[in-house]
Amino acid sequence: MTDTKVTPLDAAAIEVLKTITTATLTTILLKKGLRNVWIRGGMPLRPGQERVVGPAFTFRFVPAREDLATPASWGSPISTRAAIEAMPEGAFAVIDAMGVADAGVFGDILCARMVKRGAVGLVTDGVVRDLDGVLGTNLPVWSRGAAAPPSVAGLTFVGWEETIGCGGVCVIPGDTIVADKDGAVVIPAAYLGEILEEAPEQERLEGWIVNEVENGEKLPGLYPMNEATRARYDAWRKDA
Amino acid sequence: MTDTKVTPLDAAAIEVLKTITTATLTTILLKKGLRNVWIRGGMPLRPGQERVVGPAFTFRFVPAREDLATPASWGSPISTRAAIEAMPEGAFAVIDAMGVADAGVFGDILCARMVKRGAVGLVTDGVVRDLDGVLGTNLPVWSRGAAAPPSVAGLTFVGWEETIGCGGVCVIPGDTIVADKDGAVVIPAAYLGEILEEAPEQERLEGWIVNEVENGEKLPGLYPMNEATRARYDAWRKDA
Amino acid sequence: MTDTKVTPLDAAAIEVLKTITTATLTTILLKKGLRNVWIRGGMPLRPGQERVVGPAFTFRFVPAREDLATPASWGSPISTRAAIEAMPEGAFAVIDAMGVADAGVFGDILCARMVKRGAVGLVTDGVVRDLDGVLGTNLPVWSRGAAAPPSVAGLTFVGWEETIGCGGVCVIPGDTIVADKDGAVVIPAAYLGEILEEAPEQERLEGWIVNEVENGEKLPGLYPMNEATRARYDAWRKDA
Amino acid sequence: MTDTKVTPLDAAAIEVLKTITTATLTTILLKKGLRNVWIRGGMPLRPGQERVVGPAFTFRFVPAREDLATPASWGSPISTRAAIEAMPEGAFAVIDAMGVADAGVFGDILCARMVKRGAVGLVTDGVVRDLDGVLGTNLPVWSRGAAAPPSVAGLTFVGWEETIGCGGVCVIPGDTIVADKDGAVVIPAAYLGEILEEAPEQERLEGWIVNEVENGEKLPGLYPMNEATRARYDAWRKDA
Amino acid sequence: MTDTKVTPLDAAAIEVLKTITTATLTTILLKKGLRNVWIRGGMPLRPGQERVVGPAFTFRFVPAREDLATPASWGSPISTRAAIEAMPEGAFAVIDAMGVADAGVFGDILCARMVKRGAVGLVTDGVVRDLDGVLGTNLPVWSRGAAAPPSVAGLTFVGWEETIGCGGVCVIPGDTIVADKDGAVVIPAAYLGEILEEAPEQERLEGWIVNEVENGEKLPGLYPMNEATRARYDAWRKDA
Amino acid sequence: MTDTKVTPLDAAAIEVLKTITTATLTTILLKKGLRNVWIRGGMPLRPGQERVVGPAFTFRFVPAREDLATPASWGSPISTRAAIEAMPEGAFAVIDAMGVADAGVFGDILCARMVKRGAVGLVTDGVVRDLDGVLGTNLPVWSRGAAAPPSVAGLTFVGWEETIGCGGVCVIPGDTIVADKDGAVVIPAAYLGEILEEAPEQERLEGWIVNEVENGEKLPGLYPMNEATRARYDAWRKDA
């Protein structure tokens, strides 16, 4: 896997991000000026799916043209098959299906192979097919759901490891994807360091606030914090 | 809670409405000329959620403007926080998110506080965020689902206890909301009395018809009833 | 049931089709030039619903006009009630609701009666109502979900056993419907014979490929098969 | 033309309706309880097109299936060609294209033949094709615009003189269509008499009000009229 | 007109803004962090309509409820009629129709009265009705087009001079609206001063660039300018 | 211009295609199995725009990310500016804007430069900006219309001369684009030869049919032709 643009995340970063909700990530990114980082349509295929983290490995589709989008095309050198074989271990597949919901980007065979190649997850603004089979592979999937027709009923595959749009969001190979019950979020590569530094504190703070609410505190002055609350929180932090 | 426009429902009305399906309510309201009372997009967040009844307490959002829709705005006097503190016990939060599905109106902290304030439910034509956390508060929610981004990624909060649109339906503070597995229905204040009178009989009648169908009766003449069926039903009612 | 256009499927055909996924059916039909056979919006109402097969018995709705779409119309000779009484045993109800998602085509009473008449399933590009009641009838339903309002809130029923559109697909009475977790697919009557012949082999082949992937085979050359793989598969088939 | 369900409008009715705006028609029909009579998507193809009136002659399409929707199908006995030959003089073609905007229902040849057969207009919730040619026939068209592809690229024709939906409105053969710069409105057959009686007075009254506004009158009390304004108007009417 | 929140723009500001395209305004506002200021759906009703500038006077609609949205409601104290009488001279009407395109917010009578009251323009994310009549009033309108049905077919009016959403944009009474052939843009009140200062220079610069392109200059280095181009431009400016 | 993939069309091919309507092209391509060749949303920006023909030169956008989609990015080596400088003479710009209608892909400056570079037309599934300026350049444009905001308000430019989707159609650099009043059609490179051979005859035949219709011929047997009509036509052709 020498020529991929996608470098693995280090294990420590993955450990940190596994403890951060996508809700918290979007809040932090918004404070940095990024409002558009959540992939529309990419929701958990299996209820209760756990959080998954990995670098984005992208797939790009365009609309089907009947002479190109055929089962025969699956054997071409530029095919989803070849792309999957190019995936590095630990990668998160991000698939631009242009929101098409009536042709499944992948079924059980391709998902099974991705698992073999060490893919950690798949997110698409489209759908998968052969739902039972895909769930059987245990690949965590975020999508608009499932549909029976093959990709070539609506889509032509054109390449991998390109900058793509997915669910209205720009995804560049090597960006970090974090996905959980609220869907999938893109952390642009240049922002990853700051996120790793700031996110754990934000989670801690929000956890403390929830606790305060459960103890009967009112919201004004608590969330966002006024000075008095901030002092109480800082004291608690010191003790903790 | 002296200045709210929302007066509590009396306990007897709540008891009656808890036995009436939203399907029955929409049929009765349609017979009175109201075809548009079901909130599009507001479906149960948790499968199997029980029926909930309460007076509407409304929240209004408009689209985000980057200088207004900021985390800092959460501390303003006109904020969702202040609105929640104004909710009377027993209220049903109804949130006009203009159908925006990529920014969550509320997350776990605000839902937890609503529960503390005695809110019985929340319905929106948008989404919530931090799904796990929201489910953890046990606030019954009807929505388009969940999304990670904060409200300010797409929405600006402007006020509460105003007449709003929600899911294509007009909701006036003090209207009664009934929500169950078929979604959420608005009973305009002026129609509540009639509904309380007529709905239990409609439920009884439909239950009897289902029973007849299970006994092998054909539909024509049964539903709607012809005179002979009506007579049989009346006889059964007298006996019951 | 002498005058219906819908003739029952023979039991052997049903047995075969119950073993074929809709994913496989769409692949085979696409190879024959039919790309548009999957009913958009018709997804399982109950998670885990099993595959169902039957000949299409169609219902056609047009938009509601307030003087026609009334509860009184339910007693007319051209009503959903009369249509249900015309259904032959084993039929699969296919309901053209024009994608309308805010008025339920049928509720518990009509679904219960369909079950009595031997209907095997129902698919619509709209929604049902009275979700609890419909699930209680055990009629397998594929739809966009559920809504509280009655059909007449948005729809006028106009006839049955006509050629219709459903979810963007043409359905002719007597076409075969197969529905599973990936949704519902139409097999045009003229194609049924070929499908019955070819589909089992396609399933067998794909099962073998999945197995190969689990054994660590790469995709290129495997799926689609190159000559070497084909030879290996043929050898396996002979042995099996 | 003996077997059509569409009977011609009498010339006097046409004369009256040619003086009534569709805006006025929708206001009167709404007062009678009909809120849904305006065909969504059916707007004038040629800027400045004059008002046209005629009885509805309906065409019904369903989605394309590749084996049915072919140029060869244009020669079938159930074809748009046969339908056009069945049109009585003075009819208004109303075409249910299910809102499909990427396949033109008719082009220049069929529109030219409709003109020969005495059609007065055509309204569809879809599009026409060969815009230049269609405009050249001088058939007044209301549509979503134009597109290059033939009907069979997206549509299968199934019949004529059936009750249809068009632009979200129920249209029954023999209803009256009035179309002008605000689009096309359906007057259900049973309401035609009342409309012919009431509409001219409504137009007169609104014309008077516009005049009053131009003379500087304020709106409250003028529109709708209070008693004093009504008296002034009645006096003017008597004089006029 | 003493109690309106909308204060007139001064004549000098209007003169400046009449020379600035909405394209230029959106570029400048984006540079200041405001990406969402263009009202989706609000396009010129009359081809070739000139640029218009004025302070926003807002109208708010919610969805129709059949008992509230009636012709009788037009006589209520909270009506569009009363709102129009509250408009100060020079105001730009901004109407939140929630994007509803099948019920016209205003027709000829109300537009005629607005002209009498000195309104300079009207923008809505919905439609107007009685197109001929509205054009006849010469009120410049930006909308999704026209439709025949009255507002009450789909809308209930609830108030004026409130913060609203219009075409996906937040509009606060007193913001400045500039509308031309590219549609309508909102200048938030707090940004007006800066815009008045910076916009004329931006227009001048873009005009010079267009001229350079016409003289055969290549784009790179020209737009955006590199240092050499900037120097040439500065020299030209000094001479001009 | 040595390194472009786009080779000029020969002048004779252009002359032929200028006489063929896009309606005729789509009919011929459909007969060859290509149903999806018309670019949705790409309609003439200026009423009455003449037919234009050229090889596709593609531009690809993805959604905006606030740190990438900035006015500063316009100076980057991968920018729309650089792409335009790479266009060969005679090219037809095809721009994948993912259907985004609230950010203009190009304004007057870029269109003016395209004209200088010899571009023959531009088609996008998005919009342009600065409508007056763009019309002033006389570049023939097919789009969803115009909008004020700059591309970076919604789009990030990522590259040129790639295979793209545009309006739901696959476009490969070097395909031929023909655009007229019915919109823009893609002729895949491999089909161009056949089209050039067959299209003129199809136009001749349809012209003859229109003439027959004008002479009072009925449609059945005429269009499509039966044998007798075919013989008459062949005779006419021989004479002509």
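In this document, chain identifiers A, B, C, D, E and F correspond to the written order of the chains, with residue numbering beginning at 1 in each.
In the analysis below, contacts are C-beta pairs under 8 Å (C-beta built on N, C-alpha and C of every residue); 3 or more make two chains touch, one makes a residue touch a chain.
Model, not experiment: these values are computed from the prediction.
Steps from subunit B to subunit F, minimised over paths through touching chains, total 2. The chain with its CA mean position farthest from that of subunit E is C. At the interface between subunit B and subunit C, two copies of one sequence, fewer than half of the residue numbers in use appear on both sides, so the contact is built from largely different positions. The greater number of contacting C-beta pairs, out of the two interfaces A-F and D-E, is seen for D-E. Centre-to-centre, using mean CA coordinates, subunit C is 36 Å away from subunit D. Averaged Cα coordinates give subunit E a centre that lies 32 Å from the centre of subunit F.
Multi-chain contact residues, meaning those touching two or more other chains, occur in subunit D at positions 33, 35-37, 64, 66, 168.
Pairs of chains that satisfy the touch definition comprise A-B, A-C, A-F, B-C, B-E, C-D, D-E, D-F, E-F.
Contact residues on subunit A toward subunit B in their complex (touch as defined above): 21-23, 25-27, 30-31, 35-38, 40, 43, 168, 180-183, 185, 206, 209-210, 213-214, 216, 218-220, 223-224, 226. Put simply, subunit E touches subunit B in their complex at residues 33-37, 62-69, 98, 156, 158-159, 162-165, 168-171, 188, 190. Subunit B meets subunit A in the complex at residues 64, 66, 71-72, 74-75, 79, 81-82, 84-85, 101-102, 104, 107-110, 112-113, 116, 129-133, 145-150, 152-154.
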